[in-house]
Amino acid sequence: MVTPLLDEDTLDLKGCEKLVNHLIGGGVHGLFILGTTGEGPSLKQSLQLELVKYVCSEVGGRIPVLVGIMDASFKEAVNIAAKAEEYGAYAVVIAPPFFYQISQDELYSFTSRLIREIFLPVYLYNNPGLTKVSFEVETVEKLIQDPQVIGIKDSSADMFYFNRLLKLTVPSEMPLLMGPEELLMEALLIGGTGGVPGGGNVFPELFVEIYELATAGKLEEARNLQKKIMKVSETFYSGSGYGSSNVINGIKCALKHLDICNDYLAQPLKKASPEKEKKIHQFLAGS
Amino acid sequence: MVTPLLDEDTLDLKGCEKLVNHLIGGGVHGLFILGTTGEGPSLKQSLQLELVKYVCSEVGGRIPVLVGIMDASFKEAVNIAAKAEEYGAYAVVIAPPFFYQISQDELYSFTSRLIREIFLPVYLYNNPGLTKVSFEVETVEKLIQDPQVIGIKDSSADMFYFNRLLKLTVPSEMPLLMGPEELLMEALLIGGTGGVPGGGNVFPELFVEIYELATAGKLEEARNLQKKIMKVSETFYSGSGYGSSNVINGIKCALKHLDICNDYLAQPLKKASPEKEKKIHQFLAGS
Amino acid sequence: MVTPLLDEDTLDLKGCEKLVNHLIGGGVHGLFILGTTGEGPSLKQSLQLELVKYVCSEVGGRIPVLVGIMDASFKEAVNIAAKAEEYGAYAVVIAPPFFYQISQDELYSFTSRLIREIFLPVYLYNNPGLTKVSFEVETVEKLIQDPQVIGIKDSSADMFYFNRLLKLTVPSEMPLLMGPEELLMEALLIGGTGGVPGGGNVFPELFVEIYELATAGKLEEARNLQKKIMKVSETFYSGSGYGSSNVINGIKCALKHLDICNDYLAQPLKKASPEKEKKIHQFLAGS
Amino acid sequence: MVTPLLDEDTLDLKGCEKLVNHLIGGGVHGLFILGTTGEGPSLKQSLQLELVKYVCSEVGGRIPVLVGIMDASFKEAVNIAAKAEEYGAYAVVIAPPFFYQISQDELYSFTSRLIREIFLPVYLYNNPGLTKVSFEVETVEKLIQDPQVIGIKDSSADMFYFNRLLKLTVPSEMPLLMGPEELLMEALLIGGTGGVPGGGNVFPELFVEIYELATAGKLEEARNLQKKIMKVSETFYSGSGYGSSNVINGIKCALKHLDICNDYLAQPLKKASPEKEKKIHQFLAGS
């Protein structure tokens, strides 16, 4: 879920409310807030906590709320997790610390110590393109010995790696979620459990449907729907900047055109350009 | 300057005091705290601020104190800078936001807006190996139009880039500081202004001396001293982990053996191994 | 197909003969020689041509023979392609020139000019991990306008890219082949045409079977077989060196144990270590 | 030295003659042909050999001729080296095989075996940006035990690495040459032996002079001249393509304007654009 913002310092609470209900109405099985698409790392901590509190309250137990814990500082990470528990989150999704370059040994120590200081269930969040370190399969294998670890979200877009993770997660039926929505169909076809598609903010039904088709093994129908997912990807996530901006500003731009929430992005990311906005507007008008 | 710590949550204040005076006694021309070597990004904000306050007070105006502002969140960065001003810092050293991948345009917007909300003079801190984005020369050129920007620290280790920066900084005599100490001598020989050598925590006189030799054009003597700097680098910064740990734990290990401060590293970095500690101990005994 | 060698300079012709017939007997739909797994770039040109001639003759039209054209020099590439035609190859598979870093514009010019000087049908071979440049989707789109281009082999292991290629190839039913065998099943499930699995040298039936299951949409059975493919990958392609050696030496080691051909690798690659050889031997004994 | 070409297949022999004498007249201490700037890897072998023969004959022993041996195939590399010896080259400069990703162990085996089959003295050529593997310091240390290895050319642009190489080469006075001309001054100031500046094709006197100033320790004058070198770099090596094209086409464009040789580049590289040609023309008119 993106984080609706009025400006650098202010949540768009009306937008949050609409977005939460748009998503639940669209049939999603859970919410993941304050992840990469949720601009977690760009928001000051007090704003992050305000969002967690608001969303948990608005959801009111209808579906599980997962909270991204993405902070370069161990102690700040612990603090956010404690608040997430207090506000009623279902689980936290923890990313590696993302400033220093670290070894697997350091990653394991950091993560296992962090889990020890957190009381909610934990998803591991692999996103090496942004955190500079990957949870290598051997490290995942050690970490999931701990029953507090209940799932994995992989945003590496590395299907070779995802295939190797399946060997760990399939026997125990541990959820293994795909990050990039373009790879959701195939992740499900080969045995993955679900996904965390950014485009689901705009079109929750689309991704619920691909989930249902792929898990039911309806190959032809799934491939047809996949064409639409690729079309959304091309239209919404292209642009002149880097990936981070382009993905999030495409989603927020569409949500604004759907009158769901504001399209402000926290520093350092930027709104969609007028040209991109026009393309998205046309897409929405035609879809 | 490293940040002396007793544990994850507690400054080693006695160590801070000793270290500050060890450095001033060694003739350094300024202090840079809360940079990469200072573990700034790993420390919770309240601890960062405690360090700024303590160091500024202990230094008492004897030399300038520069404070690293390294936070992925714009608003948190502004907050730390405001406190640094209040506590009497001379300048802040600002790094790019380091979670998302951003374009030069986004980097320029973020940085120029941040400068507008800060009242202290500013150094730009280039460290693309860790922040994933470089201040490209054209971006630096635009940013230094602002008279609030008074210097640059470059830790890219890319001398081709450093040569291009010189063209911008030499005419206006803007300080251009070299990060990695192994490249300090050559940076000075080709026209750089100074350096921020991590090894200066342990051997401040050594780096003051190479500064004096190189700026005086004493090539033979400088090259001889450079051999010792390379020897320190080999002995102190090697190890089994990644660079980040290996550099900082080598420095802290030596400072402990010199009875200056504790050798605790904040998560996710790790102390020197016993083998490395032995090597450093032998080096210090023999030097 | 690997290239059976007695030493740096000599084909293992007996091995070639056995291997060709092992593969055809295993039901493969075509042979790709002198690709990455075929050590094309390591072999002197006269040896490459000797192999093409021998294999085309031995196959005798039973299945199509595709010949990798991998040379940093345009004129040498043209020469190899001309000989491949003369010896009866079905098509050539052309890789980008792999020494210089080149732009898409340069890649397009090189490739389209090369195609003009070649008379056989052409597959594009994308392998950016080794050639340092990727055939970007826009470049592929332009190149396949030429009817001489009849297919694509993608060894990028980037499924996001593969999904985007499908949009180009599916409407015209152009073959789109997956390189890494670990991704073959999913490539087929989402609409890919086939694969060029290195492990097919050893177990041709295994890959023919996954092809048949996946194209028939038999998800459960395909996933079960995929477990064996992942097991082969782990056992055969791990090791102490880099990927290139580890993949090829695992295959050649197994072929030697199956008494099909010699296990010599051309410089700079190296035979499997004794430990790896033991693992592979045990796997073959148990399988 | 660039390789003057009339087209893909034909040396510009008149241009070769003029260029050789332009360089010797400019005071250079040796010639390096068929390196990266010499487009060695793009030329068919027979053309490479024709160039070696022609240049060795034209130079006639006035200065040493070093021949780049850059071929992905071991046997082809041996063959070129044997011819270079026959034609009177002084030494060969050997690059790693550049297609596969290889380990240091594989690099060491390849290189030491290659040296054994070559009879000329050898320079090691480090250029990891193009060959994907670096001669790590420990590997260099082993290789230079062999007295046949008489020097090193480093084009990594990594001054940290260069500083570490100095420790190996300074005690034995082994030549250590800098590749990128922008770093030549500082390489000499810290103890390097010389350089292989591409811009020396156009302005041999400029680089001979920076060599003399830097080795004499005339810091101020060297820094002043360095400004001109940086200006050449900016004007000649910028462009719309990748580095490889941009450097070589800038040099060939200038040589054409100086009426020294033709500006054709072998596939896959491209001539300077008309805009770039204009800039270079203006620079030459004004210099």
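Letters A, B, C and D mark the chains as written, and numbering starts fresh at 1 in each.
The criterion applied here is as follows: a residue touches a chain if its C-beta (ideal position, glycine included) is under 8 Å from a C-beta of that chain, and two chains touch if they have at least 3 such contacts.
Keep in mind that this is a model prediction, so the values were computed, not measured.
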Number of steps on the shortest touching-chain route linking chain B and chain C: 2
Farthest CA centroid from chain C: chain B
Rigid-body rotation angle, chain D and chain C, from Cα fit (steps of 5°): 180
Can you compute the centre-to-centre distance for chain A and chain C, using the mean CA position of each chain? Integer Å is fine. 36
Find the geometric centre of each of chain A and chain D from their Cα atoms only, then give the gap between the two centres in Å, rounded to an integer. 49
So which bits of chain D are touching at least two other chains? none
Hey, which chains are touching each other here? A-B, A-C, B-D, C-D
Provide the residue numbers of chain A that touch chain B in the complex, in ascending order. 8-9, 36, 41-45, 47, 70, 72-76, 79, 96-103, 105-107, 109-110, 113, 129-130, 132, 240-245, 266-270
How about chain A: which of its residues touch chain C in the complex? 157-160, 163-164, 167, 180, 182-183, 185-186, 189-191, 217, 219, 223, 226-227, 230
